[in-house]
Each structure stands twice: as structure tokens, then as C-alpha cells.
């Protein structure tokens, strides 16, 4: 398993969750790749080092693409601050006495390709940010898409909901729609996505429960990460951890649908995914969209992570 | 009130409903304009004459636009047959001894403009088909949009659902997206739409109830109209009658939302409406989308229509 | 012959030319229709009345569409001033003692349709502005396109040249690309266009010659019309008169090409015509593009007009 | 200098020309990168090995991207056969006794990035095919575009001419419009292109002269390469060699223009470059378009290459 992350916020919570579940379920995380998004890659590397130290793990980190085919990537710093940790990065770097970062020489895209050739269908790539690194690997060589097992992404929408582009599009697809277009079209049958609608289907009650366990070190750390989002939105959204749960505990998924879809690239709808509800041809390039998860299991698992 | 109809199927049920409610609520229907859609305009004129004779009313009929700015209009004859009455048109023409049709000389577009100037904000236009006639009136003279009261349309979507374009778009918007674009953008504040999601929010139970009353002449007629749809889909959808109810009995509306939106014109999403959920600026051009209606009132009212 | 004009500037020079040539060649001009463009329709009506009085003719004027399917029309007043006569309108209204304007009650679109049905293939429509009126007539009834003879338009480009949209598009197509799309696609075989490249193929020498004859009343009037353009661009372009010459003196055309084409509607290329140079299928919908005219004949004819 | 080639046809003539001129002008060719286009990469490697053996040079070859962000690449095998040498590949492999190919382990994209960091502004990249490798390097790291000197490409159009997409677009841009979009927008000031119009501006007389020198081994080889194009089109076009001449002998350029431009990505104009003729702001991202070269020098130089 490789985790591709956009460097801050709920990604860090997701990493903490992934470290915990991987240990329990005997899943090997062979690397973490990163791109711009919730923060700059540079801050991402710091944030990943912090969460690794807190979790007591040491997984190689790879730097990924720093732009996309049409535009510079816009950071979503309004949710998790400029540092991607709602302003707590510096404090943790000091507390944990972190002075250097073990960044691999190899580029994330090349690590993805090399891993695809090595692990073949056993390779699962978890994408918590824009799909730029995966798309770039697909461009470099067709062997990548032929060899990998699955891509599981927190991205896109099924009903046109999101918080980008006036509420028309989900953040990770909107950040690099051309990359998403390639992945949703070509990798469809190897692609499982947790769309924005699955994220907001989680009830207020559950979310509140998740953030109650703030007496442990890890629990406090998680709550601090989301401070910026709480201030901006007056609520928490747990996007990326949901993706980790769906990837490592498939039985948590209670509802899903398989449909071909299309990423809108032009005009005011840019970044929206249009789902072809009536095209049920199993031969068609159908993406699997997760719609709901078991909220009791969700609470229990996330509590255990920070317990 | 003017009713703009695409000539067949549930439009005819909607007209029957409108005639009944208009009489009860003292609403004057000053004309019926028609375009291609559920059937050809020519069949539409026959179908409208049939339903007028059954209802015992006599309202002027105006022929409208027969193409749009980008393409010939595709008929949806798979639902209501080529004649727009699931094959029952000829039978009714004979039974009711209808030999001629009182089509007005004036073009529908000109009747819309003339009525706008005459009735000004008292004029409500109910659109049961594509928005071509209204858009053409807007093009001919700016006085049309400045003078009219409201346009209430059965068209578009809020969550990307529909049965056109592989399930991406609603039929009436998909049939003339450029016309819809103009109306949704420029007339937004004078526009109330019943999107496809409101149509399918009506429960199976309610739909079954509506079609139970088939012992009366009118009840039998209505059920016959929908035969083609029942065969094609194994279910009934009551689209256009819903629009008449929302227009004539506003208290039936239990949920609605006001948002700016955009009609997607290019690519695989053509005909989809993308709603800007996060743009809540009351100054913006917000369309009113009806989301739900009171199903008990719906059953009761439609029963009375055919009773 | 009907002349559809956007109300100012070289259109007025074109009308003067048309009145002269129609008389000499026994062509009947049955009406002048107008839309926004070089000036507002209201100023257009005044300007057309002025040029009619100067030429001693009296042809019915019809008011046309005042918007298009996507946007309000942008005036190009920088070339011919707000009044469409480089500021000379008021002077001429006074001098010629014009106090009222004989505007017809009928809308331009309806006059076009009525004329199509009456004159059928003998009807030639000369379009000197955006194609909105013609497109609207096509939308209202398919009988229009089936009956008319020819549309000859000053519009579009063959090599991507123009002075709108940063030099990417020609003014008349750019003003209403959706209308142009419909006309270029559906009316292709009945459409002859004088693209922007034909306009700028006329040599500096010829242009200078054309404007030398400024000692007559008409010659002085013509030169005054173009004053604004001379100031803005330091050169004259004679667009619309070229269209009249091509329409009334076909032997002036020395080079033309027939090709299918497409109007670009989205993105930075909006309003450009892309010509399909390699598609030479005579069955395809080919538009005739005039590329060059005989400049000696051009000078001689335009001199005679003002002589 | 790095030469990025799409593996067949005039690319091979261009390489022969480049080897000759580089030697004479003391330019170092540090590598040849290749992508699909005139033939598959695999055939490209064979063809490049053949031309290297004929020219007596030995330059490292790097394999590049094998797809792009939206589609599989379509080969243009109708011009130069499936093998990219009009069917002569096998003969030359045998004659020259070529049994293995010295393909580098490193991917073309990584070689481009490494070279950019090493040679910085001294690095000139000549692109004879689609711009996929360059675009992919730009995506991987912003350091690439910041460090390189120039990209000189045979690609795109200035007047909407080409032989792809019904004659609307030039082949190399049409093959990967998204890549071209990124390069034309972001690298504009470091980009010099030889558009299709420059290619066809070369007179029939000159082309005939170029191919007269077919008595030498190299001359015969060159003529054989173009056999397929001669059969398909009844004429020769020397595209890629022109690019080498412009890059190595700048004084051969007799006419050029600097303008911002845009690659059309959607609709029937896909792959066309729209040039913003009126946007002359020197601060804008202007691409340099070469329009004409000195044909006498062209003949002389290409004769010397095969002499």
C-alpha cells in the first residue's frame, strides 16, 4: 500500500489511522508520496514526519508533482492554516525535536511506477489529494496502469456537491481535473472513490463522537489539526480518514454503486463529476462510488486509533 | 396563465389537471403554446384538442418553434408512443368526433410577447417542455423579460439526475440547453423549477394511488396516456402534473431552495444543471428549485381531477 | 433582396452602395432589418433614414432582435462613435430636416419569414451584422430555411483573423456565435460569406482611392462616416460595402473556396470560425468563402456610387 | 541540445540534418528522446539507430511517454508506413547489420529534467513530435521550466491550417493538445515554434530541388523515407528538418512574429492554435512563430547534409 497525500489537515489524521490499522491488519505501507494541496509539499514533509514520530513509525517519503497540466495548484489553506496543521506545526517540530526530514531522492511518480512493476496487482494506492501523481505515472508508461491493483481515492462527487467552484465541485478533482479525467476514464475498473456525498453522509452525532476522545496525546493532536476547519466552518469533516477506513476495512462499506462517469473540464461546471446513472453496461468503464459506511464501526475504529 | 407544452404524454394529464384547478381557483388560462418533444407539434395539436373536448374547455392553441439553436429536437417517443398518447390518439379522435383543430394564426412566440406586454407581472407561463419558445421571445425583444411575472417550469435537475444523456441530464433542458442557459441565467429571479429530483421524490405508494382511480372516463384516459411509459419503465412518473400543482397550489410545496446555477453546454455533461450550492448571495441570480411536495394533497387533488 | 444591418458605420456606406447598384441592376430591395452592433437599433433607424433621404429612396425599416441567446450585444462604438456616424448623425438629421422615422410595426424576424414564404428562392438576404435575426427566424419555423434563396454575409474568418477577442474572431460572428453556429451549420449550402481576410486583402492603394472622391455630397458623407475608424485605426476598412458588391456584382469575385466549417463557442477561441480545409466532400455542408475581389472594379463602382 | 522525436519519417531526415549541422557548428547533441507519433517508440528506436549508423554518430537514446492525459496517441502511419521509414526499415537493419539498440535505462522525462538542472539556460530542446515529454517534465517539477533555455518545436499553426481533424489542426499539437496547452501558456517566452504555415510556405520549386540529390547514399536514404508521403499526398513536406535549420542556423529565418496564443481543447476545433493577433503586450506570454525561411540557404544546406 502506498499513501499519496496532499500534505496537511485530515490527511495527517488519515495517516495516523492508516499506521494503526496497517499494524493491526498486517498491511505493509511501503511509502508515502506527497503533492501540494492542504499545504505546500515542503510543509507536508514536516507534517508527515511529525505524525510518523507520534505514531512511532518510519516510512519513506517521496516528493511528487508540483503543478498540473493546466494551472498552478491552489492551496486550501483556509481550512488547516498555511502549515497544514492549523498553526501547530512549529510547536510539534520543537516538542518532538524534529530537525531533519528523511525525504527520498526518488520522485513520487517513479516510486509509484517502480512499485507497480514490483508488487503488481498487490499494489493498492490510496489517494488523499489531487490525482496528479497517479496521472503523471500513467503518462510516463502504460505499464503502470496495466500492473497496479487498485487506486482508492477520496475525490469527486456523485450528486454535484462539493465546496469548490461555488459548491459545484469536490476539492481534489477540482485541483487537477485533467488528471482526474484520465484516472476516472482509463483506470475506472481499478478505481474506488469516496465521493464528497459519502463524507457529508456521516451524521453530526458521529462526528462529535469521533472528536470526544481528546484526552490522549494522539486524540489531542487530531483535534488540534482540525481547529482551523472548526473555525472556518463551525463543523468537522473527516474526509481522508474515511478513505483509509474504506481501504483497510472493506466491511465498513454499507452502500456503493458502480457507474461510468465523466469529469467536466470546461466552463462553470469545471471539476464536477457527472455520473451516467442509466449506463449500467458492466463492460463499460465503471467507477465504484462508496455512498455510506457503518458509523458505529467508524466511531469505534477512530477511537481506537487515538486511544 | 399560459401553458407551454411539448405535445404529449404527461403534458396532457397536466392540461387536464390545469383545466380543473384553474376553474376551481379562478385562474384564467389564456392560451396553450406547443413545441416538439413528447410528440411532434402536429400530434400535439390533436392531443390538446382531445383533452380540451374531454374537459369541456376551449382555449386557443398556438404553434411554437420547431427547432432550436443547435440541433433538431429529438422526440422522446419511447415513453408515449409516436402520437404522444401511447397509441390511443386515433381512437379518441374518432370517439370524440374531432375533425378539425382550432389552431391560431399567431405564432406562439408572438403570443407570449403580446401577453407579456398586456398582462405584465400578472402573466405566469407554465413550461412543460423545452424552453425554446420562451428563449425565442427573449431574443426577439427585451420587453418580454422585463414585463412577465413568472416562469414555472418542469425542467432541469439539482443533483445531476435525469434520463437523458446516459442519465446525466433532464429531458427538457437536454432538448434545448442553449435556451435553458438563457432562461436560467437571465430570468433566474422570475424562474421556479420543478427539477427531476422532485419528480422522483414522489413515493411509489403515492404514484400507485394516483393511478387507481381508473373507473371514470377521465381516469381511464389518464391511465391510457401513461401505458407506453409503464411498458418502457415498469413505473409511472408524473412530471408535468406536478408542475401544474406547484403553480396553482403553492401550499403543496414543502421544501425548496434558491441558488444560482449554470447549464452545461459542452462535452459529456451537456444538458446537466450545475447548482452553485455555496453561492448564497441574495443579489445573485438565484433560481428557485422545488424539492418536495405534500404527497397527500397530491393524491387528493389528482383524484378530484379525474373524479 | 433584404438587407439586415447592425445600424451604423460602413453599413450606411453599404446601404448607399446597395441603393445605387439595385437601381442599376434592377434588383428590388424589399426591406431593411436592423439589430444592435455598430450602434443601438434606435440610432440605426435614424442613420438608415438619413442615408435613404440622401439617396432619394424610401424602403420599409424593420426592428430586429435586441439580444442573443447568451449575452447582451456589445456595441463596437469605438469605430463609428455612439451614434454610428462618427458623431455626424445630429448634423444630418437637422440638415435633412428629418423629424420622424417610418419604422414598420412588424418585427424583422417575422418580415424575414413572411418574405421567405412569399419570394422563396428569389429571396436573397444580405447580412451586414450579427446573424441573430436570421437565426431567430430559423428557430421560429423550419419553413424559413427551406424556402429562402441565399444568405450573403459579411462575417467570420477563414484563417483565424479578426479584431475581436484579442484578434482571434471577426466582429459579427463574435457578437452572436450561437446564431452563427446555426447558420453556418444548417444553411451552409445557401450561405456565402465575405470573411475578414477578404476585407483586409484589399490593398492600401485601393482603399485610398475609394475615399478620394470626397467632393460630392455623397462622397463627403461617406468619408465623414469613417472618421471614427480613421482616428481609431489610422486606416479605413470597407467591410459591408464589399458584401454588397459581392451580392450584386458576382463577377467582381476573383477567388473563393467551399468548405465545411465550425464556429468555436467555448473558451479563448470563442467566435472564431475553424475551416475544415481537408474535408472536400461536396455532400458535406460547405459554406462558400469569398477570398478576393477585383480591386479595379471595386474602385470604379464605389466611385460611381458617390459620383 | 536534446532532440525529442516522434520516431519516424521526416524526423529521421531531421536527425541526419542535425548530426551534420551540429558537427559543423560545434553544437553538442546530448541525447535523443522519443515518443509515439510517426511510428511506435519501438520502431523509433530502430530508426534512430539506423540514421546514427548512416551518419556515423552514437548519441544516447531515451524512451519517453507512451500515452497522454486524455487519449492513446494515434499514429500517422499513412505518411511513413507502419515502420516510420516507408517500409525500408527492415532492409536497412539488415544492410547495416544492426542487431541491438542502445536504449538508456533512464526515462526521457527524467533525462530532460536532469539536463535542465545540469545545463540550465544552455539547454535547447528541439521537439519534433507531440509535446508530451516536455509537459510531463513540467508536471514533475517546476525546476524544469525555471532552468531550461529554449524549446524549439515543429508544432501548431498560426492561421488554422493543418492536416489533422479535417484540416483544422497541426499533427503534433493535435496529438496531445493538453500538453501543448501547458507548453504554449507557461513556457511561451522560452518557446519558438515552426508552425504548419511555415512548412507549406516553402515553394514546390525548393522542395523538388531538395530531393534531387539522390545519388549519394544519404540522399537515397532520405528520398526513400519520404516515399510513403509522396504516394499519399503526391508531394513532399519537409517539416522536421526545417525545425533543425531554424534551431541551428537562426539567420535562415526571414520572418517571424511574437504573439500570445491559446490551444483549443474542446469541440470541433480541438488541436487548433488560436493566435491573439491584437494582443501585442510585450509582458504577455508571447510565443515566437517563425513564418518564413530563406529557401536558397535551405536548399544549399540540405544538399550539403546528404552530399
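In order of appearance the chains are A, B, C and D, and numbering begins at 1 in each one.
As a working rule, contacts are C-beta pairs under 8 Å (C-beta built on N, C-alpha and C of every residue); 3 or more make two chains touch, one makes a residue touch a chain.
Because the structure is a prediction, the values reported are computed rather than measured.
Chemist: C-D versus B-D: which has more C-beta pairs touching?
Modeler: C-D
Chemist: Between subunit B and subunit A, is it the same set of residue numbers doing the touching on each side, over half shared, or a different set?
Modeler: Same; most numbers are used by both subunit A and subunit B.
Chemist: Per the centroid of Cα atoms for each chain, what is the distance between subunit B and subunit D, given in Å?
Modeler: About 57 Å separates the centre of subunit B from that of subunit D.
Chemist: Would you kindly tell me how far, in whole Å, the mean C-alpha position of subunit D lies from that of subunit C?
Modeler: That gives a centre separation of 43 Å.
Chemist: Identify all positions of subunit B at which a residue touches two or more other chains, and write them in rising order.
Modeler: Where subunit B meets two or more other chains at a single residue, that happens at 265-267.
Chemist: Considering only the defined contacts, which subunit A positions touch subunit C in the complex?
Modeler: 266-267
Chemist: Any idea which subunit B residues touch subunit A in the complex?
Modeler: 158-161, 163, 165-168, 260, 262, 264-269, 272, 274-279
Chemist: Mind listing the subunit D positions that touch subunit A in their complex?
Modeler: Interface residues on the subunit D side: 65-70, 107, 109-110, 132, 135-136, 138-142, 178-179, 181-182, 265-266.
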